[in-house]
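Take a look at this one; I'll ask things after.
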Amino acid sequence: MATWTWFHRFASPPWVYGFAARWAPWFGAAAVLAMLFALYGGLILAPPDYQQKDAFRIVYIHAPVATLSLAVYSTMALAAAVGLIWRMKVAHAVAASCAPIGAWFTVATLATGMLWGKPMWGAYWVWDPRLTSELVLLFLYFGYMGLRAGIEDPQKADKASAVLAIVGAVNVPIIKYSVNWWNSLHQPATTKLLGEADMDWSMVWPLLLMLAAFFLYFGWVMLIRLRAELLRRERNASWVREVVT
Amino acid sequence: MSEFFAMSGYGKYIWPAFGIGFGIVVLIYVMAVSSLSAAKQEAKRRLEMNP
Amino acid sequence: MKTSPLAAARLVMFRDLRLAFRKPSQLLQPLIFFMIVATLFPLTLSPEMSRLRDAAPGVLWVGALLSSLLALEFLFREDAQDGTLEQFALSGQSLTWMLFAKTCVHWLLTGVPLAVSAPIAAMGLGVPAEAMWSMVASLALGGFALSLIGAISAGLTLGARRGGVLLSLLTLPLAVPILVFGADATNRAIAGDAIAPPMYMLGAIAVLGVTLAPLAAAAAVRIGLE
């Protein structure tokens, strides 16, 4: 059955390596272009906000990195689950590749958030639910990477960290919905996925474009890391010989 | 132009925020590429040792 | 003849209790640790009762967490080292239930004594007498949730190098909600407010923990034993 063989390719490390090598540059080019356009739209074209004036422009860097910090963790947990259930080496490699990327995105979220919080709330940091759970997300990333590093056997490391990733996934909805569930200083979502935006369109499109750009960027860097990860894991395989020489 | 950099007084928050954000973006990319080239070199070395 | 999971769990529970009581000094260690931690804060912060009272919920809960982490190391280690855990996994009985039993023992031997003796430390931190019962209740419930979560990380770090540090690193992020709600409950108790809202949240976490944590712990232990 054609569809089944198509899916099966994703379990083959050499095929995935080739796929990643071929498609990564396209993701990269699209990401960079989109970022440039979005920056232009957000920093220059969009008018200042009525309340926040120009400070609102931080949304164009803060919202994408924050969304990605959650999206990368979700990808990592999903890949880990796939690896655990269907015993796919490639899935475990994907999960391992995602972790450092997601951790850095979380750092970026916290840093840009602090720089937005100071002018808006008067404080770099408050212990409100969303900020606290985002900090917890950073600790979860560290825990994941620490557990991987701490277990010698690569297969055990894959499986144990997969369990951890899945258990920690409970934090993702907490972060996302904390602003709805609790009285939080952090503002709720500016645009809803399918609803009408409260903001002017000229302010919204750069945000959407920047979000798309960052997702493309994630694809780009993840595919690069994935190749490195596959090379390391499959070091004794014959396909590695052909790729490297 | 200087108005653009001042950003109605918020410049000292906005520019560092974008700086850190995109700085990390560049950092992630650089780390990814260097990990890939290190993996390739490592693989090459091992193949040379065990032909 | 297949024993029911509950019966197997009960056997494990009594075995663990019996083993633990053979070394009573080891039972006291987490308690003593908790008392020392609780004493350190007045020594280092300020002897003023009003300021200590403000810090009391945090001190008590962080102390409880640290003591629980200390005791967690021993949850699986000895059984893993002498092969008992492997036998559990191979026995054909429900590993989930047996690990749940071990977790309950951990709570009975660490969480409960800690909760019951906390008033002594709390008095030194300026907590009023009216708040004591609520505080004990919240510490007991929170301690149960902590034991459950700790069992997962204890299982995950079974085969890892420097497992002790890693165990704490893994448990802490997952323990944050328990700390937040537990400290809130203690705060409210001191202020004389109703503690129902955070207690419900602690209860919800404990229920979620009971349903999912032993499963995750069993999966983790099986991975570690492979």
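For this structure, a couple of remarks:
First chain written, first letter: the chains are A, B and C, and each begins at residue 1.
In the analysis below, a residue touches a chain if its C-beta (ideal position, glycine included) is under 8 Å from a C-beta of that chain, and two chains touch if they have at least 3 such contacts.
All figures in this text were calculated on a predicted structure; none of them were measured in a lab.
The greatest centre-to-centre gap from chain B, using C-alpha centroids, is found for C.
Innermost chain of the displayed assembly, by C-alpha centre distance to the whole-protein C-alpha centre, is A. Put simply, the C-alpha centre of chain B and that of chain C have 41 angstrom between them.
Distance between chain centres (mean CA atoms), chain A to chain B: 15 Å.
Averaging C-alpha coordinates per chain places the centre of chain A 33 Å away from that of chain C. Within the complex formed with chain A, the chain B residues making contact are 4, 7-11, 13-14, 16-18, 20-22, 24-25, 27-29, 31-33, 35-36, 38-40, 42-44, 46-47.
The part of chain C that touches chain A in the complex is made up of residues 152, 156-157, 159-163, 166, 169-170, 172-174, 176-177, 180, 216, 219-220, 223-224, 226. Chain contact summary for the complex, chain A toward chain B: residues 44, 48, 53-55, 57-58, 60-62, 65, 100-101, 104-105, 107-108, 111-112, 115-116, 118-119, 217, 220-221, 224-225, 227-229, 231-232, 235, 240-241, 243-245. On the side of chain A, the complex with chain C involves touching residues 132-133, 136-137, 139-140, 142-143, 146-147, 150-153, 155-156, 159-160, 163-164, 166-168, 171, 174.
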